[in-house]
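In the part that follows, the structures are each spelled out as C-alpha cells.
Look for chain A in each of the two complexes below; its partner is chain B in the first and chain C in the second.
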Partner chain A sequence: MTTDTATSPGTRATDPGAEAPRHRSRVPRTYYLMLLPALALFTFFITLPALAGALFSLTNYVGFGDWEFVGINNYRVMFTDPKILSAYVFTIGFSVVTVIVVNVLAMLLALGLNAKIRLKTALRGVFFVPMVISGIVIAYVFNYLFSTSLPSIVQSLGVGGPLSQSILANEDLAWLSIVIVTAWQSIPMALIIYLAGLQAIPDEVYEAAALDGATPGKQFWAITLPLMAGYVVINTVLGVKNFLNAYDIIVGLTNGGPGTSTMSVAMSIFTGFNSGDYAYQMANAVIFFLVTVIVSVLQLLLIRRRGVQL
Partner chain B sequence: MTAQPASTQTAATVPATREQEARRRRGGPRLRKDRGGPTNWPATLLLVLASLSVLVPLYFTLAMAFKTPEQAVQGTGFTWPWPMNWASFADAWTLTDFPRSFTISLLIAVGTVVGTLILSSMASYAIARNWDRKLFRWSYFYLLAAMFIPFPVVALPQVKLTAMLGIDGPVGVTVLHVMFQMSFSVLLYSAFLRSIPEEIEESARVDGASTWQVFWRIIFPLLAPMNATVGIFAFLASWNDFMMPSLITSDPTEQTLPVVQNIFQLAFATNYNIAFASYLMAMLPTIVVYVLAQRWIMEGVTRGAIK
Partner chain C sequence: MDHSVSSVTPGSGLSRRTLFKALGVGALGVGSGGLAGCSGGLGDDTLRFLMNKPEVVGYFGELITAYNEQSGRPPVFFDSTPTSISAQFVRGVPPDLACYNYQYEASTYVNRDVLTDLRDTAPAQQIAPHVQELVSQFADEEHRFHVLPYSTAAAGVIYNVALFEDNGVEVPTTWSEVIQACQTFQDAGVVPIYGTYQEGWTMAQGIFDYCVGGMIDVAGFYARLREVGDEFEAGADYSFSVVMADAVARMTELAEFDNEDAAARGYSDGNLAFGQGQAAMYLQGPWALGEIEKVDPDLQVATFPLPMTDDPEDTKCRVNLDLGMWIPAQTPHREAAMDLLTYLFQPDIINTYNAENLYYSPLEDAPAQPDERVAGLQEYVDSGRFYQGPSTFIPPTIPLANYLQELLITGDPQAFLRKLDEDWRRLALRSA
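Right, the complex of A and B next:
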C-alpha cells in the first residue's frame, strides 16, 4: 500500500476542487480500514448469497441433501409455469396501478397542503402518520374493514352487488384492496417529495401567469406539472422499486388468495422454502432480479432524459 | 443535489421565463409561504375529508380494542364501546409476550441504526476523500448496486447462510437490515460529504491529527443532519419490517413485534377485540414518537427525500 502514483500531481493542480486527500504522499491506510468493514460484510451477506443463489438455480437442489447440475432446466420450466407467470402479471400490473394511484393522490394532497388553507400543520401531521406504521399491522386492520365492516355497511344500505361480500374473497377485486392499503402507506413519502418540489417553485411564476389570464387549471398543466416533472420521475422510480417487492401487505390482506390471484413474485419465491422447490424458486429469483434491473435502468434512462441528477 | 436542474431546464418551455430571469437577477427566490390572499376554504374542506382516510382506520382500531368480545362481533365495528373494556390489552400483552417482542424489535432497530450510521458514514468518508482512486470509486458503485438487489432475490440463500452461522435470529436480522440500508445511506452521506470543504480538516491535520481522529472529531459531528436522516430511515425500515424477520428468525419466541401479530390470524382468529388491542399496542410506540418529535422527523425525512 505505497503511494498511488497513477494520478500525477500535475493533473491535480488543474483540478483544485477534486475531493482528494491533500497529503498525496502519505499512505492513507486509515481510509482502507474505514472502507473495509462495509465492503467485507456487504460482500459476505449480499454478494455471496446472490452468487450462491444464481449457482443453485442451475441445480435440482430441494433445500437439503444431494444435488446435481441440471443446466437451464429450471428456467425452461418456469417460463411455462402458469403460477409463476401469473405472479409476474399480478406484480407488474399491481405496481403500475399503485404507482399511478399514489402519484395522483399525493400530487393532489401536496397541491392542497401548499394552498392557503387552515389547519395546515395538523393536516400535514395526519397525512404523514401512515409512514410510521408497520405495513403488516395496518393490513390486518384493513383486513377486518374489507371482510366484515364494508360488507355489513353495504348490506345495511340495502345495496347488492359485489361489495356486499368481502372483496378479499373476490377473485376479481381482491387486488384492489392491496392497491388501497399499499397506497395508504406509500402516499406520505411521495407527498413529502412533492411538497418539497412545490415549495421550490417561486411565486412570481404564478403571478405572471395570473396576469396573463391563465386559469388555475391552466396554471397547473402549463407551469406546476412541467416544473414538477423531475419529482414525478423520482416518485415513480422509488414507488415501482418498492411495489415490485410487495409482500407484507399482501400477507396481511389476502395471503395471495383467493386461489393464487394476488400472489406476488416475492411470495412465490418464498414458497421455495417448504415445497422442495428451492432451486426452482432460485431461478425465479434470478429472473426477478433481471426484471428489477431492467425496470430500474429504463427509469434511470428516463431520468437522464429529464436532466434530473440523482 | 436536488432536482433543481430539471426545473430550470423545463422552465424554458414555460411562458414565465422572463419572470424567472428577473427573479434570478434580483437575487434569491421568494418562497410561496409569504403569499397573502384569503383562506382557500374548499381546499381546506377537501383536505379535512381526505384526512378521514387516515383517521378512520386508526379510530376503528381504537374502538375495536376497547370492546368486549360480544361487542366486537356486532355490526360494522365503528360504534364506540361504552363502558370501555380494558381487559383486551392484558390478554394481548400476554399472548404476544409484548415486553419480549417489543424489546427484540427495539434492539434490532437500534442495532440497525447504530450499525448503519457507523459503517455507512465511515465508508462514505473514505470514498468521498479518495474519489480519484479507482478502488474507492468502484466501491461506491459496488455498494450502490445493491439497490437493484431486493431482499426476495437473495432471501433463500441468506436464510441458509444465517442458519449456518447460527445467527438465524435477531442478530442475523440486524446484520441484514444494516446491509440493505447501506446503498441508500452511502448515497445520502456521499452527497452530503461533497458539500463539506476539505479546508475544515486542514488545520486539524496540521496539528497532527490522524485521519481517524479527523473523522470522529470533526467530520462525524458535521454529518449530524445526515446522521439524523439516515437514522430515521434505518429505524423505520427496521422497526416496521415483517418480511425479513419472519423468514430469518427460526425461533418463534425471538420474533419481532410486527411478526407476532400473526398469531391472531391463526390461533386466536375470533378474538377481534384482543387482536385489535394488540395491533394498537404495536402501532402506538412509533406514533407516539412521531407526534412528540414530528418536526425533527419531518425535517430529517425531507432532507433524505430531496437529497
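Right, the complex of A and C next:
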C-alpha cells in the first residue's frame, strides 16, 4: 500500500513529457494552498515547540526562571545513566514482543471472524470493545485482576509457582502483564485492518486453489498471507510506533515498578516536567526522537524491499 | 469530584469557563493539565487563588466565599484544578496567591527566585521560627521567607488501640521495644505492620522517612550534600551509603514484620485493611485517618513517633509543610494577594483550619491539636523534635519510591544505597 502511493506520482510525472510545463505552472498552486493550513498548524504546534525543546536540551533550564547553556552535558550524563538506558532496553524489548503478540493474535481472530460463522456481527462487536475503553481504566481493572483475583484463583487451585503471587510485584514477570494488557487493548485496531484486508481478497482465488487441491493451511501460506503482506506491514509500523510511546497502561499497572524494571522512555521523559529536570529529559526526548526515526526508516526500507518482491 | 463544583465561587462572567472546568475535572479525574490553560485569561482585576489539596477544597471554598463577602474587592477566583504548577510557571501565568504543598518541587521556585520575599509582612512575624526554618531546609537561607508555612502535618505510626490493649502491648519508646511489640503481635497471629509496596510513595513517606529520619540529622545531611555539590563521591563519609547504612538496615529489619502480600497491596488496600482491624500498626500520615474513618468510624486509633534508637530522648516525629503560601513575584495583584493572605493568616482562621483537619498550626502559641488520633505527636511538634522526611529532599528525578519497592521485595540494602549515591552524583554533575 505504502509503496503504491509512493511510486505512482513519480511514474505519472515522467510519462507525458509535453504536458509537463503547463501542469507545473497551474496545478501545484492549488495543492500548495490546500496544504497550507495543515502545514502552518503543524509548524506552529509541533515543529517549532520540538525545535525549542531540542534547543533547551543544551541548557540547564528547569522550565522557568534563569538558564544558561551547558553544551552537551545533559547528553553526556544521560548515556551513563542506568535508569535511562534500562528504560530504552525495556521499551524496545516490550515493543518487539507486543507487536508480535498483537499481530499473531489479531490475524488469528480476523481469520475466525471472517469465516462463515454464526453470530459473526455480534462477535465482531464484542472484540472491538477494548478499543473504546480508555487505557488508564483498562490498566486499573487489570491491576486489580493481577494483584488480587489471579493470585487467589491460583492459590485456591493449590498450584504454587510465581502466579500464586501478584505478577505486578515480580520484577521478572511484571513486563508480561504490560504486554498482556497492551495487547488486549491494541488487538481490535489490528483486527479491523486485517478484516478489511481479508475482505479485499476475491473468493475466486480460493475457489481456484481449492480446485487445484490446496489444503486450508496451504491456502493461508500461499494466498492469504502474501496478499495480506501490505496489511501486516501497516500493523507492524503503527504498532511499533504506538508501543514505543507506551505510557498510560504502565502507569496504571506498575508505575514503572517493581523497582524501575518497567519504566518506559515516555514515562522517564515525563518525569522531567515535575522534577525540575526539564532540560535533561529534553535531551532524552531528542535521542528518543532519533531512535524512533531510525526504527521507522529501517522498517520502511525493509517494507519497500519486500513490497517489490511481492 | 463534587469538590471541584463546590469550589467554584460566584465570579463575574466566569460561569461558562468554570462550568467547563468543573466538567473537565469530573470527566478526566486527576491530571487534567490541559484545562489549566483557561486560567490565564481571567479578567484584569480578578485575583486567582490556587489551592488544590482535594481533601480541603470544600473548606477553602467556604473561606473564600466568606472573604469575598466582606473584602469590598473584586471577587477572588478560587482555582482548585489538580494541575501541575510548574506548567503554569512555564507559560508565565502562575496563580496570584498559592496555598500549596511545600516540598522539593515548590522549593525549585523558591531557589529560582520567582517568588516574593514576605519577611516584612505581619503573618511572617507570627510564625514559630522552628517551623519557618523548614522552608530554608530545602532552599537557600536568603529565600527563607519566600514561603510562609500554613499547615504542618505531623506523622508517626498509626496504631490500633484495641489490638495493643488486647495483646498487652504498650506504646514502644525504644527501638528494641518496637521489635518486641512486633514479635508479640506476630506470635499472636496479628499482622504487626501493614505494608503497601505496590505504591512506592507509601514506603518513601512511611518506613523510609521514619527509619532514616529517626536516626540521622536529616537537614544537616542534605545541607552537607549541597555544600559538597558536584564534588560528591559515592561511598564518601557524607554519602547515602555511609550515613544511612544503619537506618536502612533497621528499615529492612522492620519490614520483615509487614503483611506477606505487602508487595501486591496499595494505599487504598492498606486503609481498608487497617480500618478493618487487620493489622496493629500502619506507617502513614494524618491524611490516611479520614480514609480509615470511612471504613470504621468507631475504630479507636492513635499515633506515636517511631523510636529508632534505645534512648527515648532521640525519638522525633516526621513533619512536612502540608500547605505553604507564596506570591509569585510577577503577579500584577500583589496588594490584593497580600490582603487575602493576611485574612487567611488570622489566628482564628488558620488555627481552626489546622485543628479541624488534623494538622498543626505554624503560629506561635497555637492551641493544642484537640484530636486524640494525632495528639500523641503534640509534644514533639511543640518542642521542635521533628524532621522533614528525608525522602522529600530527594528530587523526583531519582525514583526513590521505585528503589524502595525493589529493596523491600528483593532486599539488598547495599545495592539500594549505592544506587542513591550514583544517582545523586550524576544529578550533582548535571546541575553544576
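To be clear about the criterion, the second predicted complex is superposed on the first by the 260 of 310 C-alpha atoms of A that agree within 3 Å, B and C clash if a C-alpha of one lies under 4 Å from a C-alpha of the other, contacts with A are read in each partner's own complex, and residues count from 1 in each chain.
Definition applied: contacts are C-beta pairs under 8 Å (C-beta built on N, C-alpha and C of every residue); 3 or more make two chains touch, one makes a residue touch a chain.
As the structure is a prediction and not an experimental result, all values here were calculated from the model.
In the superposition on chain A, A:102 makes contact with neither chain B nor chain C. In the superposition on chain A, A:237 contacts neither chain B nor chain C. Contacts of A:253 after superposition: neither chain B nor chain C is touched.
In the superposed model, A:280 makes contact with chain C only, not with chain B.
Judged by the touch definition given at the top, the superposed model places A:174 against neither chain B nor chain C.
Within the superposed three-chain model, A:202 lies in touch with chain B and out of touch with chain C [touch as defined at top].
More residues of chain A lie in touch with B than with the remaining chain of the pair chain B and chain C. Once the two complexes are laid over each other on the shared chain, residue contacts for A:145 go to chain B alone; chain C is not touched.
By the touch criterion defined above, A:123 lies against chain B but remains apart from chain C after alignment on the C-alpha atoms of chain A. Once the two complexes are overlaid on chain A, the chain A residues touched by chain B in the first and by chain C in the second are 148, 272-273. Of all residues in chain A, only 4, 6-7, 12, 18-23, 28, 30-32, 34-35, 37-39, 41-42, 45-46, 48-50, 52-53, 56, 109, 112-119, 123-138, 140-142, 144-145, 148-149, 152-153, 156, 184, 189, 192-193, 195-205, 207-209, 212, 222-223, 226-227, 229-231, 233-234, 241, 244-245, 247-248, 251, 265-266, 269-270, 272-273, 278, 281-282, 285-286, 288-289, 292-293, 296, 306-310 touch chain B in the complex they form. Those residues of chain A that touch chain C in the shared complex are 60, 62-66, 73-74, 77, 80-83, 147-148, 151, 165-166, 168-169, 171, 255-261, 263, 271-277, 280. If you check the complex, the residues on chain C that touch chain A are 84, 86-87, 89-90, 92, 104-105, 108-109, 112-114, 197-200, 261, 263-266, 395-397, 399, 402-403, 405-406, 409-410, 422-423, 426, 429-431.
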